[in-house]
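Structures for review follow.
You will see chain A twice below: alongside chain B first, and alongside chain C after that.
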Partner chain A sequence: MSISQDLAYLRAADLDEALRHLEKDGACVHGGGSDLVTCLREGTVTCAQVISIGGLDDLRAITPTSIGALATIAELGRHEEIERRLPALAAAARAVGSPQLRNQGTLGGNLCQKPRCWYWRGDFHCLRQGGDTCYAAFGQNHGHAIFGAEACVYVHPSDTAVALTAYEARVRIAGPGRSSRTRTVPVDEFFVLPADDPTRETVVGRGEIVTAVEVPAPPDGHVGVYRKIRARGAWDFALTSAAIVLAFEGGDRGKPVRHARLVLGGVAPAPWRAAAAEQALVGRRLDESTIAAAAEAAVADASALDHNGFKIDLVQGVLREELQSLAG
Partner chain B sequence: MRDRDDSDASRRNFLKTVGLGSAALASAGAGQGRAELAAVEPEKLQKILLSINGRQLSVLVEARWTLLFVLREQLGLTGTKVGCERGECGACTVLLDGVPRYACLTLAVEAVGHEVTTLEGLLDGEDLGPVQRAFVENDAYQCGYCTPGQVMAAEGLLRENPAPDLEQIRVGVSGNLCRCGAYANIFRAVADAAKLRRGGGA
Partner chain C sequence: MSARDDERLYHEQGVTLPETPPPSTDPPPWRETLTVGKRRSRVDGYERLSGAAIYPSDMQLPGMLHAAFLRCPHPHAKLTSLDTRAARALPGVHAVIDDTTPEAAIDWNYQGGEGGRLFAGHCRFEGAPVAAVAAETPHIAREAVEAIVAEWEVLPHVSDARDADAEDAPRIRDGGNRIGEPSIYTRGDVAQGFAEADAVVERDFHTACELHTPLELHGCVAAWDGLDLTIWESTQGCFRVQEQVAGYLDLPLSRVRVVGHYMGGGFGSKLETGKYAVVAALLARRTGRPVKLVLTREETMLVCGNRPANSMHMKVGVRKDGTLTAIELTGRGSGGFWRGGTGLVDWLAKDLYACPNVRTELTSWATNAGNQRPFRAPGHPQGSWALEQVLDELAGTIGIDPVELRLRNVPGESQARGGVPYSSTGLAECLRDGAREFGWEEARRRTRESREAWLARGGNGGAPHRLRGVGVGGCVWVAGGGGPPATVLVRMYADGSVTLNMGAADIGTGTRTVMASIVAEELGVRLETIQVENADTGTTAFSGPSGGSKTVPTDGPATRDATVALKQQLLAWASEQLDTPRENLRYAGEFIEVRGRDQRLKVTDVERLQRRRSVVGVGHRGPNQEGLAICPFAAHFCEVEVDTLTGEVRVLRFLGAQDSGRVMSRKTFDSQVYGGIAMGIGFGLTEERVLDRGQTGKLCNKSWHDYKLPTAMDVPADLVSLPIELQDDRCNNIGAKGLGEPVTIPTASAIANAIHDACGVWIDDTPASPPRVLAALRRQRDRKEARR
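Take a look at the complex of A and B:
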């Protein structure tokens, strides 16, 4: 009923204290704690000292252009201004986990969550655990990647990351060592593909803490949706998801598309931008043939494993339905 | 409905204090602020103050102990159930500041400075509270193991939304599995509980 590995615990009074302690060997960040406690219990993550940033209330703020890393997923899902300004993000937040997890989980933690691959979470010393084999590549892989699956075939489990990529958000990272040292990284450069390094999921380095996500104003007259397909109606990770942000010429859905961001979730080790599908939309009216061409372009470079070929059809179906719903 | 019994020997107080033993002492003092707990050393027991069901309880904990473990094994509050212990079943649901959370994924030290409500805290004197009564009256269980967690999820939902529609009820208890499949009656019980809480037809 508890964690078997021994832990020290520190509740940081401010960001600088957290960053200072995070420089020690074996220190790890506790935001909401839902994924960290699960990983510590399972032993998939080892940690000597938990640095809790849960008391840092200034990391909770939600403003028009910035969302604090400690804003809970539940808060994002019901925030009126987020709903009005970034509807795909609000919808993605509501599709996360369960009510209890949305109450505990934070935006920063949602971006930094660990893989849900059942081999990585299980007793397999896989490539991502420092071994030399991706067991999913030739094992039970119906939940795994159809894009970007080189070396390790896990899919990134975040819903909010998919929507944030469609809104071209940037992740603010503090540290190491002190809070005056910060950098911001575009969310589409935040996640690390296995071909580059199969042992890490994000660019967040030792001693660093994600403090906020900055979201620029979307184009005038934009529309946005997030659709998540799960094996059941609630509390599951995406088999496929899509965030779509479009803007039409003159704000008229009957006129050609002037801005398109199509990002897929549940199909790659990072939110997967369907750039070819975006190109198939821009400059064209959103009619049946444009939608069909975009859906086809989205999967042109997909590559199925033994058990996940259905995801190629699922991606096309989701894009066709959601683009149809956005057409005039 | 029976009269409320506020005597010291009441079932409610019995349930709230049984098993506390040497592990914890009820205290009438103010709760421990979040800032007052700074650090816990490994392999050391640290005294913390938890606010549980309106009472301040002093308890010795290790940093790695979950709130679920402390509630059941240190405080004897066994209304909170152990299920999957990985945030997938909901049996351990409690309220933290009135909001449903999985106690299995919450470190006990993280609960310092927050108000914890467990199933025992929903009793109305010696009587069941409205959500508990609605579950009994609607036969909203078979084996009953998931019921405490379902009740706490429903209580949290109704505190936020006193008059949910069926879809909102389904979402509200979607973090709680029932392997017996009593969902239809659970949904009915939550709808009835909403009426009971609003004072209609007790």
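Take a look at the complex of A and C:
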């Protein structure tokens, strides 16, 4: 319940220095720290050296096609260009935590945050903590997954990741060792499902740092929304959320949908693309029956645990509400 | 106002003070007041806001050590071995104590008879302490705790009162899992009452366990000076802590000083001390250094108490004319392993509404979970959740407005006390004036139209999917009359400045401000100039802990008596000095006036005062008038919006109509109402302790993220505090009843009724979170489809 006194702290002067130090055993990246510090205090993450990248101002830039990993959530939420171009992302940013957390938290950290499962955060030696069982699978799983829940049933807590998936963003990752070594990963391949590896949440490897998120231009005439349902009005993660990006033929809401991205949050160990619901929309006018069909398709593959069956209703409810609002 | 005016002790001329009664005569009731009841800022507002106020958590003493506990990680386990060698060997560790430490081998009493040891080897709940460490820094203390090797034999546990009597339930308690006999109350004949009813509604309810999470953590600093122990503790009652610590350590009360000048919030959990105070004192004595022991948030959530969960079956019968014929409540709960979990859950069923036939039966079960502690209006919000919803359902059945149904059943006396009259009862005024102020009838018309239109369009799933509803709930609070003992001292110095000395804590309710207002009212001094010294067993006179909404009606009358006594003394001296009979003199603030003559004497010119340099008035709280029930009443009204697609409930506005007799300080009165409603919103919509029932039995949500207190976003900006200020000359000499608890009793039930008014579903269990509301809407949809 307290951060070790032996913890070393280094504020890197540039990305290369940060990457060099990150190669050491037990080193971890510190961006805004709003999640890391809590994890260190809880002992859920162990770390010998914290490498702060807070001084790397290059990683703060927001351009039309790229958002630096150190851009704060608060900046995303009030950035005019993002509001205009990626409205679902701006709305997702505004739905994060509380004003204090949005000021402190960064986009990179929001994507790389650790699970919010109370078993993982508590002193239960669960599968993801190196134990041999997922306590949530048969325990108090009100907040847990209805999709992709194999081995470990946690839900990914990020709001921004859900919106970025709807915008088909790519995550730029630097390292290991030096900044000239980089790769980009589509955001829907960025998260690791527990069935593949229950000990990690993302593909970010040892010695690597997320440096930016690249977002391609959405289709012409697109509209986008993000809606988050939570147990209280602020400082909470999603019971269920949805990011929806649509484009209509001729930019006319009365005409058939030509592009649809529906991504769900709070229901799976990664942002969960509702592909069947997208198919139910494309080529059809956004009327009541289309909306109902899409909402039903979204949960066709859902599988509830003992206490989270409500999420099946909730996903449909959120999609219906938001699609109705987009139908105008 | 210039700085000079600001420093003036007395009001400008023209102030009329209450008459000073002759000695041994009760002061007459106040009518118009100058300071009492006005919108005045807190006397310690600047200190609290600026950070100048020193809370126990802020205490730093030279050489102070920091302590931490090793706690049992299981809900039920036996300690099989404990090896503290590695902890002792850590540099910076000064002491490690456990049950083998001679002075720590203390029997502990968890209120209710039994309880085991200070460091018990057989742990009946997660978080039971088994060892403690004192070290140079908090970090070293924590590392030392982690270095202790404890081995456990994990035993079968029971997590929930609903599981405690299952056939396969482990037997966790000698003599069975039930605590005591069921508590049964009967009045009249409920069978006959139900037979006479035109409509009967019965439903099962469950209210979730709420955890105590006061902003300032539980904890203290302990320091010895020779044989004298001083403890700075965040407490609702320093004298209670003093008695508990002295008892456990076998010390005379005079050797234990407990100081709680400022404390950061208490809602019942700080009515008693915890093991931390005794352990801090033991470690301080052993090390010869002051010791600070403040629990972590996780620890307070495990061991510092809760409002128990309750399961209730509520059945009520009514005649067509709205007369209640019978109320029957069966309930169960658990207050942990040692304590009952159903106290006062049935009080509203027995006392709130007029009904000749009532039966209640409550059963407490032992569980392996944290102990209950009194929690703002113990039992009442739970019972209200069931009773008020059933009343609304009955109102719908017989076609009477919910407010009207309640008004038809306002009792003239306290039925649960065998027909004792109330000193005053404002229940009807709370309902009537509250409804008018809220715009109840117009709102009901509006919500009925939108609900019926929605249902006509197919209801669930139909547009518009966001619906508004309004709800009401009434209440009485079982206590709130205060009573002895309490002693208050008011002192005037030779320069006319005044100090108020009282034992009561100010737990954030504004006690200091209220009591200073009484002194200001009687003496004519300006409120801001009164120096208040309180909550210190070493320097103030006795008062019990602040709980039960008793501080204003207990210490308030004693404060008035003390101030009157001071005036009487000054008048007696002035009478001597002026050679005028005392009854010819009038105490008028800065001056003592001679009636009928243009002669006056400055108070500071009273020669005896100048010679003695100070004068003290003492007030003792006497007993209440016999044969009277002194209880506050309230009615809450709210409007909500329910999103029928997502199950979200947004509270749009709230009105609390409160009869607590005289308003003593309007700002702190309103703060209580707002705070009580905010807390009730938590009870109704967001808060729920989650134990790993069926698996480990451990607490899942021991953080402020997972345990959902409502935020500012969950409490409406449109909050109205409507005092129903009845003149009550019988309750005590200030005419005020308690307020702190009735403000949170009917909040959640009013919300549940509003949800029903919006969309026609009843919410049986708290909290009415999106999952529960969605489930209720799904049942509504399934029923409708089944009918087709």
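As a working rule, the second predicted complex is superposed on the first by the 323 of 328 C-alpha atoms of A that agree within 3 Å, B and C clash if a C-alpha of one lies under 4 Å from a C-alpha of the other, contacts with A are read in each partner's own complex, and residues count from 1 in each chain.
The criterion applied here is as follows: contacts are C-beta pairs under 8 Å (C-beta built on N, C-alpha and C of every residue); 3 or more make two chains touch, one makes a residue touch a chain.
Please read all numbers here as calculations on a predicted model, not as lab measurements.
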Contacts for A:D123 in the overlay, against chain B (first) and chain C (second): which applies, first, second, both or neither? second
Check whether A:R320 is in contact with chain B, with chain C, with both or with neither, and answer first, second, both or neither. second
Would you sort A:T211 into first (chain B), second (chain C), both or neither based on which partner it touches? neither
Which superposed partner A:T165 touches (first chain B, second chain C, both, neither): neither
So in the superposed three-chain picture, is A:G55 touching just chain B, just chain C, both, or none of them (first/second/both/neither)? first
According to the stated criteria, A:Q100 is in contact with first (chain B), second (chain C), both, or neither; which is it? first
For A:A234, using the defined touch cut-off, is the partner it touches chain B, chain C, both, or neither? Pick first, second, both or neither. both
Could you look at A:F138 and tell me whether it touches chain B, chain C, both or neither (first, second, both, neither)? second
Figure out whether A:Q5 sits in contact with chain B (first) or chain C (second), or with both, or with neither. both
Residues of chain A contacting chain B in one complex and chain C in the other: 1-2, 5, 98, 233-235
Mind pulling up the chain C residues that touch chain A in the complex? 73, 138-140, 142-143, 296, 298, 461, 463, 465, 643, 645-648, 685-686, 690-696, 698-703, 705-706, 708-714, 769-771, 774-775, 777-778
Where on chain A does chain B make contact in their complex? 1-11, 13, 30, 33-34, 37-38, 40-42, 48-50, 52, 54-55, 74, 97-101, 103-104, 233-235
Residues of chain B touching chain A in the complex: 34-35, 37-43, 62-66, 68-69, 72-73, 82, 85-88, 90, 93, 96, 99-102, 104-107, 109-110, 113, 153, 156-157, 170-172, 174-176
Given the complex, residues on chain A that touch chain C span 1-2, 5, 98, 116, 118-119, 121-124, 135, 138-140, 142, 229, 231-236, 239, 308, 310, 313-314, 317-318, 320-321, 324
